[in-house]
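Each of the next two complexes has chain A plus one more chain, namely chain B in the first and chain C in the second.
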Partner chain A sequence: MANQLTIKKSSEQGLIDFLTFLLETRKISAVFTLRETGKEGVFDYGLITDVQMLKQAIPLHPFMPVNAGQELSRFKAMKKQVAAVIRPCELRGFIELIKRVQGTPDHFLLISYTCGGALRFASSLHGKGDTNLPGYWKAVEKGENYKEIRPTCKACEYFVPMNADATVSLVGKNHEDECVLELHTEKAKEMAAGFKGEYSEEGTKSQIVDTLLEKRKAEKTRLFQEIGSVMKDLGGVVEVFSRCVGCHGCSRVCPMCHCILCDFESHLFDHEASVIEKEFSRKEGMRLPTDTILFQLGRMNHMSFSCVGCGMCTEVCPADIPVASIFMKTGSETAQLFDYIPGRDIDEPVPVTVYKEEELSKLG
Partner chain B sequence: MKGIAGKGVFLPEKEGINKSILGFLKTLLEKYVFDGIMVPMRVPAKNSYAWVLVREPSLIMKASPLAPVMPVQGAKALKSLTRKGKGTLNFAVLMRPCEIRASIELTKLNQIHPEKITLMSIDCPGALPLSDYIQNPEEGEKRFEALFTGESWSDETSKPVCQICDQFSWQPASDLHFGLMRGQKKGIFLISNSEKGQRVLNEMKLQASESVSEWKKSIEDLTKKRQKKREKRFEEVQTMAKGFEPLLETFAACIGCHNCQSACPICYCRQCYFNSTISRPDSDFIFQKAEVRGGISFPMDRIFFHVGRMTHMSLSCVSCGLCSDACPVSIPVAEVFSYVADQTQRTFEYRAGESGEDAIPITRYRMEEIQGVQNIVHQAEGAMSKDG
Partner chain C sequence: MTEKTFTPRIISFLCKWCSYSGADLAGTSRLKYPPTILPIRVMCSSRVNPIFVLKSFFSGADGVLIGGCHPGDCHYQSGNYHTRRRVAILHKIFDSFGLETKRIRLAWISASEGVKFARVSSEFTEELVGLGENPAKKEIFL
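Right, the complex of A and B next:
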């Protein structure tokens, strides 16, 4: 069966036509995708069951109001099939959640795309999204980092999706020309059967993808060095997190932080007055509430090697702390110790859930 | 300002208001009037402020009696100290009037045990929006200095809810109040409201001998101006909040991060209902809802969250505005919630945080309310019998 489907419409319209076909023929019961809500410059993720409402869909827009992987993990097992159009990092996040028994891929047709990055909130909300789109698409065509995408997007080397059923090629192409959909799995090919378009074997990979990859790797090195130089010691860590207000917004929007009741919101950190007074008596002064930095380090400990660098944490932080860059750096470097890449392989266990015999000799 | 003492202690301002207040606090520590005092202090990165419970007298000179921003509501910080019961040490806290009011509400909700805490309030010109300050702290410091030491407090740079605040001064429920006198007679009035407040004055060997009438008049004049501004602004906010469609429009950009709930001092539930398993509904349930309208938004139930939160905390809302500061998509949460709180509290002739004695309205009923319910039942029965 053919690997590639080309639709002679813009990338977004071609994809919408494909989704319309799937919905009309009842191959799927719903589409999960970005859509405009009808209010000026406002968008969100929607689960669409009515074909007419697909007209509002903006599946490929560079907006990320929430990490879709987090939303998909909330769907409990069901017989209905849903086509979901999500970014590569959202897909990796979903894979990491599936490994933690939070969600299943079976009822999704996972469609992703080669990604030029997601815009920051300030550049996508209140009408700003539309003004940034032309510049954004030009950058994607040329294989450059558009200036208003998230800092972690600029440093992301995994912008070619892993584990998608189908991928739309965007990087290196003019998105208005045509829609090129690569069908990776049998599921995708079966779903596409009957859809009118040009089928062919997989085309040559765009060189521009390689160009962008080099740029992203360079930026990753630079960003990690910048973070490392500021947070080189405990003083640096304290300084960066000193304006944390303890809202835990970062944790709430993080796909990895799936615990319904986080340790740091439980009775464990609800201290007796005597505990606080004892600590207080040893110091000249004591910050209240306590455990601000412990929360950050604890969360890092619990999830950072699964960090997919989606950047949601930085976007919601009321104190403008570059949480995503910090967690992406520490996460990437700790994951490397285990030769682990989050979201690469659904059968690859999360590092701290297994051990290998040779690790024991290192302990010895 | 019902119930305020006619006289206070007048401390002339030497080297600025900040140094004068800090000097006073330092003496409180040196003389062991308190074991510790909770005040705002600038963070190491110099671009925000945090609450610090200070033990060492010299350290308190590095604090700020009033910070330009309110990253954490003082009542929340106080709650983290006394939620599980009083300790053995004597502490004082110096907070903004809205933080005092929130502390009173949290006390009623059993989240603060204030027996060993002396609440000190201070006249407040407002706070700056947090994100503005963090973007440019130097500019923020200048702006706040101008606001704090300026002659008038009708400023356009403080948070929207601060600009319409009519409870920015003396609080009936605080133990000791720092009134700030401007004009020709620059200085600080210490006004005691309670036994705890009086103890402080006694141990510092201070007598409340100066009349506060001039300061009181200046506060009452500004309060009237603010009340007018408040009414006017609430008329505008009404169009944003009255009815389902306007509410949908105002909260359209909401991503369901719940930062507003986390920042709110009144939202104390360790696990909010809206963060519980309700946020993980059955797939069949999701589909049922989607099929009714042809599509639904994710995350689900965002307006339900806001209206639900309003229902739970509106009667105790003190209009501190931290919810708007915390919102990453710039929704004017504070103005909407303040407007609604104004309406709900007015219905019960209740003002959040005014008195420790006033129980929160929905925790008790009055006999005449039963009559009201009986009337409604009779009306309904009458209507039903007409239909046959």
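Right, the complex of A and C next:
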């Protein structure tokens, strides 16, 4: 059976046609996609069940309002199939959540795409996104990093989706020309059966994907050095994280921070007066709100190895802390300890839930 | 010029079944070890949330010792293996920010190893004296 489906329309329109076909033939009951709600520059994720409503869908628009992995995990026991169009990092986030028993993949047709990055909130809200689009798509075609995408997107090596049922090829392609949908799984092929388009065997991989990968790797090295040069000792850590206002927005939008009973949301750090008095008698001063750096490093201990680098935390940080870049750097180091890549394989257990009897012998 | 000798403070999380009993044995055997250890008994070394260690460190503890049963001897089958991974992650994070990993130590001390407990505490204390005071002690923004 053919692995590649080519639709002679723009990438976005081709994909929408495909989704329309799935809805009309009742192969799926709903589409989870990004949509434009009418007003200029107002985007959100939505579940669409009506074919007419698909006109609002802009599945490939370079904007990420939330990490969709987090949203997909909310539909735990749905019976009907839903097609979801999400970014590679969102998909990896979803896979990580599934490992943590926070979701099930069975009722999703997961469609992803080779991703050129998501625009920063600052340059995509209030209609600013549209002015960025021509430049953005040009960069995607050439395999370059567009200047207004998130810092972690520029350093992301995993822009080719892992574990997707189907992938839309965007990097290295002119998105106006045609829509190339690669069908990876049997499920996707069954879904596509009956859809009119050109079917072919697996096409050749675009060279530009490798070009972009090299650029991303170089940027990753640069970004990590930049973070490392600032946060190189306790003073550096304090300098960066002391801006934290303790809103916990970063953990709210983080797909990995799913714990309802989070230590940092509890009353654990609502210290009694005596504790506070003791603290400032010892240190001759005290910062308020308390324990913000503890929160950052504590959270890092709990989830950094699963950080997918989606960049949501940086986007929501009111104090302009490059949270995502920091977590991406430390996360890649902690994950490396266990040869772990978050979202790579659904059967690969989360490092802290398993152990080997013979390992880390230097520690004990 | 007289210099005040620095006595480190070591917050120690000791597992009830092994390390804490080991500390007891060190005491009943009248072994000599430095008065730097502040023991906190936990049911298992895996009870130690990395946050405890971070909080101790940020509050100015010069060292943090986590004591558990030897691998394979955990009273709860696998607790200490999980502890080991957590400490590895904690060390990695400390490394990542240029903080002193040497201030956090994991030790396997069984209930019969009073001697080892005394030795580990002495060695760790010496090492911390070499390292000097925890810089976090003076840092109020923690």
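Criterion: the second predicted complex is superposed on the first by the 358 of 364 C-alpha atoms of A that agree within 3 Å, B and C clash if a C-alpha of one lies under 4 Å from a C-alpha of the other, contacts with A are read in each partner's own complex, and residues count from 1 in each chain.
What we mean here is this: a contact is a pair of C-beta atoms (placed from the backbone, for glycine too) under 8 Å apart; a residue touches a chain by one contact, two chains touch by 3 or more.
Everything numeric in this text was worked out from a predicted model, so none of it was measured.
Peer 1: Who does A:Lys205 touch here: chain B (first), chain C (second), both, or neither?
Peer 2: In the superposition, A:Lys205 touches no partner, neither chain B nor chain C.
Peer 1: By the touch definition at the top of the document, which applies to A:Ile48: first (chain B), second (chain C), both, or neither?
Peer 2: After superposition on chain A, A:Ile48 lies in contact with chain B alone.
Peer 1: So, A:Ser242: does it touch chain B (first), chain C (second), both, or neither?
Peer 2: Both partners, chain B and chain C.
Peer 1: Check the residue A:Asp233 against both partner chains and state whether it touches chain B (first), chain C (second), both, or neither.
Peer 2: second
Peer 1: Check the residue A:Glu315 against both partner chains and state whether it touches chain B (first), chain C (second), both, or neither.
Peer 2: Once the two structures are laid over each other on A, A:Glu315 reaches chain B alone.
Peer 1: Answer with first, second, both or neither: which of chain B and chain C does A:Ser304 touch in the superposed model?
Peer 2: The answer is second: A:Ser304 touches chain C but not chain B.
Peer 1: In the superposed arrangement, which partner chain does A:Lys283 touch: chain B (first), chain C (second), both, or neither?
Peer 2: both
Peer 1: Give me the intersection of chain A's contacts with chain B and its contacts with chain C, in residue numbers.
Peer 2: Correct list for chain A: 238, 242, 280, 283-287.
Peer 1: Spell out the residues on chain A that touch chain B in their complex, using ranges where they run on.
Peer 2: Contacts found on chain A: 29-30, 32, 35, 37, 39, 42, 44-50, 52-53, 56, 65-66, 71, 74-78, 80, 121, 125-126, 235, 238-240, 242-243, 245-249, 252-253, 260-261, 265-267, 270-274, 276-277, 280-281, 283-290, 292, 315-320.
Peer 1: Over in the complex, which chain A residues touch chain C? Could you list them?
Peer 2: These residues of chain A touch chain C: 228, 231-234, 236-238, 242, 263, 279-280, 282-287, 291, 293-294, 297-298, 300-302, 304-305, 329-330, 333-334, 337-338, 351-352, 355-357, 359-360, 363-364.
Peer 1: Which bits of chain C are touching chain A when the two form their complex?
Peer 2: The contact residues of chain C facing chain A are 49-51, 54-55, 58-60, 70-72, 78, 81-82, 84-93, 95-99, 106-108, 135-142.
Peer 1: Which stretch or stretches of chain B touch chain A in the complex?
Peer 2: Touch residues, chain B against chain A: 36, 38, 41, 43-45, 47-48, 50-56, 59, 71-72, 76-78, 80-89, 130-131, 134-135, 249, 252-253, 255-259, 262-263, 270-271, 275-277, 279-284, 286-287, 290-291, 293-299, 325-330.
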